[in-house]
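Next, two complexes with chain A in common: one pairs it with chain B, the other with chain C.
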Partner chain A sequence: MADLEIREVRKKYDEVTVIEGLNLRVEDGELVVILGRPGAGKTTTLKVVAGIEPVTEGQVFIGREDVTLVPPEERDVAMVFETYALYPHLTIFDNITFSFRAPARSERVGEEEIKKRTREITDMLEISHLLDRKPRELSGGQRQRVSLARALVRKPRLVLMDEPIAHLDARLRHGLRPDLRNLLKERGLTALYATTDYLEAFGMADRVVILSEGEVLQIGTREEIFGRPASHKVGELIGIPAMNVIQNAKPVVREGQMYLNANGFQLKIREEQRRIIEKKALSDVKIGIYPSEIDIIGTGDKRKATVTGELYVYEPLGAKGSLSVKIGNEILKVQTAPRMRKGTIGEKIRLHIDPKTIHVFDSQNGTNILES
Partner chain B sequence: MDKLKLENVWKYYRGKDIEAVKDLSLTCEEGECLAFLGPSGCGKTSTLRMIAGLEDISEGSIYIGKNRVNDLPPQRRNIAMAFEDYALYPPLTVFENIAFPLQAKGVPSKEVKQKVRRVAEVLRIDDVFQKTPSELSGGQQQRISLARALVKDGVELVLMDEPISHLDTTLKNEIRTEIKRFHVELGNTIVYVTHDQLEAMALGDKIAVMNLGTLQQLGTPDELYDKPTNLFVAGFIGEPPMNLVNCGLSRENDELHLQSACFKLTLSTEDANRLQGNATDELVVGIRPGDFELGQIDGPEFVSISGNVYAVELVGDMTVIYLKSGEERLLLTVLGTLDLKANQNLVVSFSTEYVHIFDRKTGRSIG
Partner chain C sequence: MLRKGLRISAIVLVLLWTCFPIYWMVLMSFKTPTDVTHYPPKFIFKPTLSNWENVLLGRKWTGTHYETVQMEVLRYFKNSLIIAIGATALALILGMPAAYSLARYKFFRKEDFAFTLLSFKFAPALLVVFGLYAIYQSLKLYDTYIGLILIHQLILLPFVVWMMRSYFAAVPIEVEQAARVDGFSWWGVFSRVTLPLVKPAIAATSVVAFIYSWNEFLFGYVLAGDASRPVTPSLLGFISYERVLWGQMAAAATLAMVPSVLLSLFIQRYVVAGLSFGAVRG
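Right, the complex of A and B next:
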């Protein structure tokens, strides 16, 4: 158990920069999840921390010790990668307990304790009945759970996990999420975890790191990131459907209020946003609104419409629906309650958008104007 | 009118060793989008390839429009295809690739330009018109193949095999919306293959859920969600997935009860009658995560469960609650963010109206 610090790390492959000036601290016992698309640099970050890939520049500290030049087997780090490298000739039990027998910085653990810990973790992962088998007799999902068990049965200084449950079916994935988190917490393990699934990231993490094209866009808790996305790219990575981002909105003042003039409609913004727009003399911004924060005004609802558009497409998504509303040249996605009437294409839709829910981003660099 | 009809279709590989598609019969009407949905190996792609004429039909008949097409080569089936292996013409530019089927039919060049531009704009590929396929990413190539299939007119069917699987989530969702819009606007008949249940739900007018070569259910998105015919469909549609709780049947006085480790549910006379005809009393009750309400609710149609919260996830506008009640673990979703502590006690209720009952052995729905 230890904390982790990544300081000014850059990683280049030939001429391609994969990670650009990465700074990150993971506290002792903390679970930090890196959220990003494929190719964002998540796996490379984990490999650099593990020591599988050397850094091009910068330093990695584990437990305040500079491990930048320490080989992977001496870092005392456990890894669960998307591809599970199990020893084909060993039984599942021997695979899971292997690290006790060839320890890097070994804890001295007796056979009884090894068995007890193995039992505990394999029960949780529902693989206790497979302990005598060989890897080839197991399904992909079962093998992935074996590799999880192998990583967590020991108490390494740091656990690294790269999409460890992405390939399991929905039932197992949802079943394992809380167990995995509880297990890490109970053992007080420090963990860095990578995923492309925003539900998994926010559901499990103490803090989330949003990574895009090798750069950290934001680090924070769920409230911090949802409440104030640092850039429109952050908004686009979270939520189903993702945040609506409207380009080229122009600030105008009308009757003492500031509005943002988008292509064919206007949205009122808050005073704190107005002050910054005026201070920075921004003439062109992006607007971000989460689909779950737009209300459809039903019949009998007395509220005034903020914008009116027409139904472009309705997509049922089971527990909820996604309604696309066309307003001028923009399409706004609105999250709807389940079992909503389908509506007809072209039908008039009136929307209510509260200024509290509007995020404004700088068109030049994409950052939230309230940041900085 | 049926645009596509499959009659007792089988697909074998290696002699008769592997049955990839088993006795599949269904129809797709003109103007409908029919989505084949299932995990890998379920037979959905084999089915599509038989419809396209890229695979032989081992047994049975396939009709496109009025014609039985079993013996027709793909080019004579009057279809457009957007397949995973793209099949773009390498020496042609993006524009030429998309325009080709239109030009081949002698559409005037002004109209060709207009149509190609429109589809390329909504699929976000109008900025790469002058490039050739080899210069593009997999996701861009997919969209060109998709654009070409969408502009080709006068065809009976448009076939799409995972056409947006290589795109990142944001773009995937945008393009999905546009495919649906195109479909509704043009009224073309689409057969769409995907393993992604959200994609199938969003796009399909009807969805054919397949597993292990067999059709599990054919229905609208609402039917699949509200009335899954078996445990496979119940578990495959919806995320987070439906809670499935093992139950037995017990009789007290004149009432039938479903008894599980965490609740006892009194059946309505109607359900009781239906269940009595069923040979087994080993049942599974399914409850969707969103169909729970917090707190005790009194009333004959409500059932309450008391449990221990063992994890809480706050995600966006939703709270996911993991509840342990006896030996059962339940997953609930509630709109809004709730201040719940791990290990605290919680009572939740559900209405028997939203309960699904299955036979544990056969997996079939019985109410």
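Right, the complex of A and C next:
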């Protein structure tokens, strides 16, 4: 149990830069989740912290100790690999307890204790009945749980998890999320966790790091990131359906109010946003609107429509629905109640958007104009 | 059905083509000198064990009693064993680290190195054998086990490196990385994870290397005298000015073939594909 600090880390493979100037602190006992698309640099970040991949530049500290040049076996970290990376020639029990056989491991644990801990963790992961088998006899989901057990049976200074539950079936994935978080918290483990699933990230994390193309876009709690996404790329990564991003919006002033004009849209914006647009003399911005912040105006609703469009397609998404509304050339996704009545394509839809929920991004670099 | 029939007849044809000389050789080892040279060739004849008695026991039936002759074939057989085992072991010891580095690490002109190693096999051995003869004479390596082991391992090395390289590359690198994170040093990972995983591959490679060395003829012929001569060139000893002892030569050749055949059967048990199945996803 220790804290982790990544300071100005860059990682290049030949000429390709995979991580660009990464700075991150994970406090002792904190669970930080890295959220990013495949190829964003999540796995590389974890491998750099584990010591498997050397850094090109920068430093890594675990428990205030500079471990940049320390080999992986002496860092006392545990890692769950996305590819499982089990030892094919060993039984599941030997796979899970392999680290206790390592001469370099400082943690001295008796055989009884090893069995007890293995029992605990395999019970939680529902793999206790598989201990005598070999990895090849297991299904993909079972193998992933073995690799999870192999990391969690230890008491390392730091746990690194690379999409540890991505390949489990939906029931287990949902069931395990809170269990996993509780387990990490109970043991006071410091953890760095990578995922592509925003629900998993925000459901588990103390803080979330949004990583895109090797760069950190934003670090913060759920509220901070949803409340003020640092860039339109952040908005596009979180939520299903993802944030609507409308390009080429032009600010215009009418009757003392600033509006943003984009093909077929006219949206009123807040005073603080207006001030910055005027200060920076921005003539072209992007508008970001979460699908959950758009209301459909039904019959008998007295609110005035912000925009009007026509129904394009409706997708049920389980606990909610997603309605695509065509406005000019733009498709706006709107989150709806789970079972919306069936509409007809081309049907007129009136939408209400609260100006308070609109995010404005600089077209040049994509950053939220309210940032800094 | 027709396809299957064609396939089976093709297989039978190939089997006949490859197995007939062996069958003929075994048959010949049970023939008397008259039967051997009989034309047209005889398939049905009265078998004799005298060739085998001569080769194995060094006794020759003269008609009235056994005459003890030189029991040389078994000594050459032993020479071959020493040389083949020595050369295989040396080639593995030298070749495995090279194969591992070629599979795992990037280094300057790596592919050139690998190709150069392989290119040693392109040149015909005859090109170098007489130069080697001179060198071996002056280094006192002529007609020694060490000398033959050294030259045989040179033939085996490219083969061992290329074969083991692909097996090492087939071990997922993340399995090794996981073991490092689990607290094992490089050597710990190599000995406790990588080596057990490539064990079947090592067995297969050493068997094939052993057979290569066992069947080698030219270097054993030129660089060895009587003391360390392997069994393959020794078969020529049955040919002399006065006569060719076809029957005994066939018996000795059959004997010389036994280790290769047994080992080939043995490696069949290692299905090398799917070596590390279950290690990683996919």
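By our rule, the second predicted complex is superposed on the first by the 370 of 372 C-alpha atoms of A that agree within 3 Å, B and C clash if a C-alpha of one lies under 4 Å from a C-alpha of the other, contacts with A are read in each partner's own complex, and residues count from 1 in each chain.
One rule holds in what follows: a contact is a pair of C-beta atoms (placed from the backbone, for glycine too) under 8 Å apart; a residue touches a chain by one contact, two chains touch by 3 or more.
From a predicted model like this one, the values you see are computed outputs, not experimental measurements.
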item	value
First (chain B), second (chain C), both or neither touched by A:236	first
Partner chain in contact with A:16 - chain B first, chain C second, else both or neither	neither
Partner chain in contact with A:89 - chain B first, chain C second, else both or neither	second
Which of chain B and chain C A:99 touches, first, second, both or neither	second
Partner chain in contact with A:47 - chain B first, chain C second, else both or neither	second
First, second, both or neither for A:281, with chain B first and chain C second	neither
Chain B/chain C common contact set on chain A	none
Contacting residues of chain C [partner chain A, same complex]	172, 174-175, 177-185, 188, 192-193, 196-197, 276-282
Parts of chain A lying in touch with chain B, wherever the complex brings them together	37-38, 169-171, 174-175, 177-178, 181-182, 196, 198-199, 202-204, 222, 226, 236-242, 290, 292-293, 312-313, 315-319, 322, 324, 331, 333, 338-339, 345
Residues on chain A engaged by chain C in the complex (per definition of touch)	47, 50-52, 71-73, 75-79, 81-89, 98-99, 101-105, 134-138, 140, 143-144, 147, 150, 167
Touching residues (chain side chain B, partner chain A) in the complex	39, 168-170, 173, 176-177, 180-181, 184-185, 197-198, 201-203, 221-222, 225-226, 235, 237-241, 288-290, 310-311, 313-317, 320, 322, 329, 331, 333
